[in-house]
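Have a look at the structure below before the remarks.
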Amino acid sequence: MSTKPTRNEAKEIALESYIIQTEPFYLSQKDEVELFEAAYMEKIPVLLKGPTGCGKTRFVEYMAYRLGERLTTLKPKTKAERDGNGHKGIPLLTVACHEDMTGGDLVGRYLIEEQGTRWIDGPLTRAVRFGGICYLDEVVEARKDTTVLIHPLTDHRRILAIEKRGTIMEAHDGFLLVISYNPGYQTALKDLKQSTRQRFMALEFGFPPKELECKIVAHESGVGEEVAWQLAKLGEKVRHLKDHGLQEGVSTRLLIYTGKLISRGIAPRRACQVAVVDALTDDHEAQQSVQEVVNSIFA
Amino acid sequence: MSTKPTRNEAKEIALESYIIQTEPFYLSQKDEVELFEAAYMEKIPVLLKGPTGCGKTRFVEYMAYRLGERLTTLKPKTKAERDGNGHKGIPLLTVACHEDMTGGDLVGRYLIEEQGTRWIDGPLTRAVRFGGICYLDEVVEARKDTTVLIHPLTDHRRILAIEKRGTIMEAHDGFLLVISYNPGYQTALKDLKQSTRQRFMALEFGFPPKELECKIVAHESGVGEEVAWQLAKLGEKVRHLKDHGLQEGVSTRLLIYTGKLISRGIAPRRACQVAVVDALTDDHEAQQSVQEVVNSIFA
Amino acid sequence: MSTKPTRNEAKEIALESYIIQTEPFYLSQKDEVELFEAAYMEKIPVLLKGPTGCGKTRFVEYMAYRLGERLTTLKPKTKAERDGNGHKGIPLLTVACHEDMTGGDLVGRYLIEEQGTRWIDGPLTRAVRFGGICYLDEVVEARKDTTVLIHPLTDHRRILAIEKRGTIMEAHDGFLLVISYNPGYQTALKDLKQSTRQRFMALEFGFPPKELECKIVAHESGVGEEVAWQLAKLGEKVRHLKDHGLQEGVSTRLLIYTGKLISRGIAPRRACQVAVVDALTDDHEAQQSVQEVVNSIFA
Amino acid sequence: MSTKPTRNEAKEIALESYIIQTEPFYLSQKDEVELFEAAYMEKIPVLLKGPTGCGKTRFVEYMAYRLGERLTTLKPKTKAERDGNGHKGIPLLTVACHEDMTGGDLVGRYLIEEQGTRWIDGPLTRAVRFGGICYLDEVVEARKDTTVLIHPLTDHRRILAIEKRGTIMEAHDGFLLVISYNPGYQTALKDLKQSTRQRFMALEFGFPPKELECKIVAHESGVGEEVAWQLAKLGEKVRHLKDHGLQEGVSTRLLIYTGKLISRGIAPRRACQVAVVDALTDDHEAQQSVQEVVNSIFA
Amino acid sequence: MSTKPTRNEAKEIALESYIIQTEPFYLSQKDEVELFEAAYMEKIPVLLKGPTGCGKTRFVEYMAYRLGERLTTLKPKTKAERDGNGHKGIPLLTVACHEDMTGGDLVGRYLIEEQGTRWIDGPLTRAVRFGGICYLDEVVEARKDTTVLIHPLTDHRRILAIEKRGTIMEAHDGFLLVISYNPGYQTALKDLKQSTRQRFMALEFGFPPKELECKIVAHESGVGEEVAWQLAKLGEKVRHLKDHGLQEGVSTRLLIYTGKLISRGIAPRRACQVAVVDALTDDHEAQQSVQEVVNSIFA
Amino acid sequence: MSTKPTRNEAKEIALESYIIQTEPFYLSQKDEVELFEAAYMEKIPVLLKGPTGCGKTRFVEYMAYRLGERLTTLKPKTKAERDGNGHKGIPLLTVACHEDMTGGDLVGRYLIEEQGTRWIDGPLTRAVRFGGICYLDEVVEARKDTTVLIHPLTDHRRILAIEKRGTIMEAHDGFLLVISYNPGYQTALKDLKQSTRQRFMALEFGFPPKELECKIVAHESGVGEEVAWQLAKLGEKVRHLKDHGLQEGVSTRLLIYTGKLISRGIAPRRACQVAVVDALTDDHEAQQSVQEVVNSIFA
């Protein structure tokens, strides 16, 4: 395995595929951009709290792009840049956590190949090694052996133990761990332990205010301003229904779907029915409540 | 493993085996065809809701055939087409989910062979790579690590992380994820999380109305119009019994079975008994209720 | 692995070992033979319902033999037949399901051998590939990943997905899936889902009537007609005790055991005690009730 | 793997190690010997019921020895016999079942060796292949996939499916399956299913009567007749205490231990204390009750 | 693997590492030494009952040393002895059982090495093969498949089935199985089954009386007689507190720790606090009760 | 694998990476430093009890550094030292335990490589082999098979059984096992068994007193004395709220985060909100209580 000069290059190209090339569309709600920048500079791990589809993933993508643009010193040098082709962002490695995910999925594993075994870095290791943001979405869903990885990376040590290789890796200066979770979901079984939690600064997210959401829906779905405003109003009103049989408010994403269907010529009420009413719930009473809101807006 | 020119061809042939060659028999109930087409054009993932045997699988097959016919630009070019043999549909990869199914079953795995290991795409990866519909039937039955795959494929990112290979794949423009589930079955343990659910537009399905079902039964079982009408009537009446000890109404499929047995010379009442009454339930009281309906129709 | 001409032959010989060579002893109770034949011709999957030891397995063996005799067109050609040696039945592959059985046990697996790995068809795949009946005994005991296999084989698709090989196999025209279960056993946890159940026509079995059982016991155990009649009477009476502390009625099999012991010179009452009374239950009161029935018959 | 002539011989020698060479000491209680012989001749599987340490294992060993002596036609020919050295018994393969035992432990497995993999028969397969008794001790403790093995071996088929090799083996004429269980232990979770149970004739065992137990204790421990009688009396009395805080009566084995300690010069009361009182229970009240019985006998 | 003459020697050296070379410090409480010797001579398996840290492990070590000294005939000959260097004890193989321990951990496993696989005896197999005591500490913690190993080794058969190799091994004459458990811990889930329990003679252990414990503490910790006496008094008094919020009495080991700290110059009250009070419990009330006892002794 | 002279060196370098090179910043609270030194000299295993983020990990790092400086005789000689480059500390191997961690993760495993398998010491084995502190953080989270490793290492035997290699290793004189746990977390399921617990001397930790914490916050975050004092006051007050809806008091680490954000120019109240209030809890009432404390200090 010694004479394979192309391998390191291959790795670097893979890293570049995690760099966001074009600025994501993001409209900031408060001072979350400044706080995140301060956290990144101070190497304070960040916890994002908020409901489904309110824009947490998009925010991290935006920050990865923006930080890369500003912090050229912290950003890892990619081959393309050394060749003079500037890439804007710093690498972002997003992992949607789930209850069968183990630490090995984050750190890496050995692949058996023709010429023996080859080690493949997991997403966390890649971020630690080359610098970049590792974003663990819905972290409480992961199995508990992720703890062993997160803890030494989120205190003064900033190290990652790669048990399978018997080594310890110090994190790149540009590395930051970001996790998210939805406080509405937590149960006794699936909660962040205090010993994990108290390693993160927390940013709380909610749905965007109506004016902002209107702009987002218009931009993403292609509908005109009037329809976008109606959809933003729908979003606001449906979220007020949350305690009346709805498990969660409607996400901005579903409003965008509705806009897209309307752009395609589907009648607004029918578009709302399939992309909001029936998408949100199976409960007939709850469906009726939402449909009434729809009817009141799209008279 | 470098000098095996036949391998790519082999893959493509495999893909073609997922293309539906002849138009499936499907009679539309409402505007579900138009809505699905709009969703496919807008890349909005689709959730099909409805009871057992009401035709969800058949609908997806029909749409895969129909979309392939209309959307030649989105459809992947197969070798046969390049050779001048037109295939109609776009690929459809159906997976019946179950509680032991893991993400690996969807994404793919390494096979150990004589000359080393060989990667085999799972059905989801095939659809993402070449374009096509991946249909996850009864998705809530799958293990939760499917979440990690579904989420990035069903938002603005449209990417599939192939952890075992350490790569990320952007979805083909012709890719669409479709899932189904039966709201009657859901329990607290097996429910679609809101963070998953709010990534799909929803189409609700029911059993076909009597006139439509009569046509379907006649077409599929070969019985004459009169018997088909009697069977459709039986279907309608048995579904009204649902709250009287029956877990679920009778499916169109069982009515077709009954028709086939009658075509083979089995007496109608006896055919109904084995293919409807005893097939539906083991409860003697419920069996008697259904049998009475049978007797009232096949006097 | 290319120059092993004997391998295919080996497979075929293995298939022949699933063909029943001599007519099984079976006395039909109602029209179950005609119904099964119609189902086989129409490719309608069959569900057999009935208590332990009432003859379901024997019935399937009889049908496999009988259908092979009649349906020479559907029956796969074996090497022996091509050589002029007629085999009567169509292949029957019986699987006693259990809670550790996975889909892999049905579909097949790779064996590691000296020259690499070799694929071995599971019983279901063998039946699908070459034609024949695959009989899943007590199917509800199997793990739920069998669902993924059963569903596409039991609707209009009739296909088997062999995930480990990345292929799909269309069922041979002579393939039929037969499953059985005992309604007396079902619990909420182990029940056939409606989405599975509504893919089968159902044949209900009970214990044979006294006259028939007398003939069976005499034929199988070698006792004279008088003793056989006494044992058949014992069977009938014990089954009436079922609600008085007995979990299930006595099977025909146990009556045959008793007859065999009597043939060997064991006193009838003692034979009944070890092969019926103590075999049925550990509960002393229930044992006493059954023993009283024994004593009243073998005075 | 072709040029290893010693391998078959090695297997046969292994088989001979399961043949009991000297007559086990067994004193019959009732007609169990005759019944077992009839069952063996008629190929009726046998279920032994009875409490811990009452002699079930010893009985099976005795029958294996005795049947080999009488039934030279059914007994497999071993190499030693062909060489003129008579071995008395038929092979006995005993398996103490437990909750982690799987079907693979009974049937066999592939071993990975220098020259590739080698198949090793499990105990059940050995008995099926060469003839002999396979004795599954406390069968309800085994995992449920043993069912798939036991069922086809215990009805008219008498076949063993060796899934891992893709073959079916017909049982040798000298094969018999014997299982045991202790009715006192059964719970709802760990019970013999009726579909399994009704495949066996049942022999019930209890502790030997006092006169018999006295002979056994004297023979096995080397104490004189007087002490043996005292110990047999102790056994009888302690078993009457069973409902007064003792989970189970004292086994003959513990009485033999006590006799052995007394032979070694330990004072009888102290020997009873360590080998009966403290061995039976940790409950201080129950210990006291048993000790009082000890004191009344060894005054 | 045939020409490796050093391998057997390697094994023997490994065995010698289980032989205790210097006499363990043990002060006998009652007649446990005589009883254990009688059990070893008569091959009666031994169960040690008693609380944490009361000296069970030390007792077994002492007996292994002492028996080797006395019973030169039963003791296996080691290479060193053949060379004239006497080793005193017989081998002692101690296993701390736990709930993830399987039978394979006791029996042995195949290791994959450069030249193929190599079998490594587990501790139980080593003791069975070469003679010696195998001591299973807290046996009820082990998984239930250990039963299959223990049962045939603890009745008249004295055999060990090595399933993975398909062989049976008769125990060396010098082999004895010793198990321990703490009756205070047992729950319904983790209890010795009667069918296992009634294979052992039982020796009950308690904490040593004050005079004895004083000698032990002085000998092991190096404190003078006065402090040792105070610590022994502390032990006795704390054990009387057991029902007042303490789960278990203080072990001799903790008293020795305290003595060692005092020897190092830590003030006695502070030494008692960290090595007894805080070591025993987290409950503040219970801590206070114990601290009061400490204060009353170390005024 | 014989001619790789660089391997041992590689191991030693790896060991050196566990040696702390610069003195950690630690301000002692009581006599914990003296007690730990006495324990290390006397080889008494140590249990650290205390809440999240109170400095347990930092304390162990400090002790590893300090002991290496003082105890040159016990410290293992590293290659660097032999070359004249002094390293201060003794090795510290920290493991954050979790519920999927097995004994194998601590002891080591075989890696499959091109030239066969290679053994890799786990962190516990490394500490046992070369001397050093192995620190198992939150040990109760680990699976129970760690018991088998911990027990013989924490009594008079001081041995580690490496089952997979079939060997036993005596601990280096400089080895010490340290474990920690948080008494506030313990449940019936996850508690230290007394048989494990009574092998350790216990050191109880709390949060540092206000004066000390002020110094730490100033040193670590770079804020001036006034702000540091305000933050220390905040810490003290929030910890008094613990019973009013807060699961645990605020850690020193979160106070340091707050200081860092303030240094970066974030307004103190906002910094407190994201790094203390929202980081601690999702409960709105609890958040309000903490925010009021913040407001009272940063008026």
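Chains: A, B, C, D, E and F, in written order; residue numbering restarts at 1 for each.
What we mean here is this: a residue touches a chain if its C-beta (ideal position, glycine included) is under 8 Å from a C-beta of that chain, and two chains touch if they have at least 3 such contacts.
Everything numeric here is computed off the predicted structure, so don't read it as measured data.
Common neighbours of subunit A and subunit F: there are none. Interface subunit E/subunit F: under half of the residue numbers present appear on both copies, so the contact uses mostly different residues.
Mean C-alpha positions place subunit D and subunit E at a centre distance of 31 Å.
Our note on geometry: subunit B versus subunit F, Cα centroid distance of 53 Å, whole angstroms. Spacing of subunit C relative to subunit F, judged by their CA centroids, is 62 angstrom.
Counting only residues that touch two or more partner chains, subunit F has 112. In terms of which chains touch, the assembly is arranged as a closed ring, every chain touching its two neighbours and no others.
Round the ring, the chains follow in the order C, D, E, F, A, B when counting starts at subunit C and proceeds to subunit D.
For subunit A in complex with subunit B, the residues that touch the partner chain are 14, 17-18, 52-53, 57-58, 94-101, 105, 109, 111-114, 120-122, 137-138, 141, 182, 185, 247-248, 250-251, 253-254, 257, 260-261, 263-266, 270, 274-275, 278-280, 282. The touching residues of subunit E, when paired with subunit D in their complex, are 1, 31, 34-35, 38-39, 41-42, 44, 47, 49, 102-103, 110, 112, 115-117, 143-148, 151-152, 155-156, 161, 163-168, 183, 186, 193-195, 197-204.
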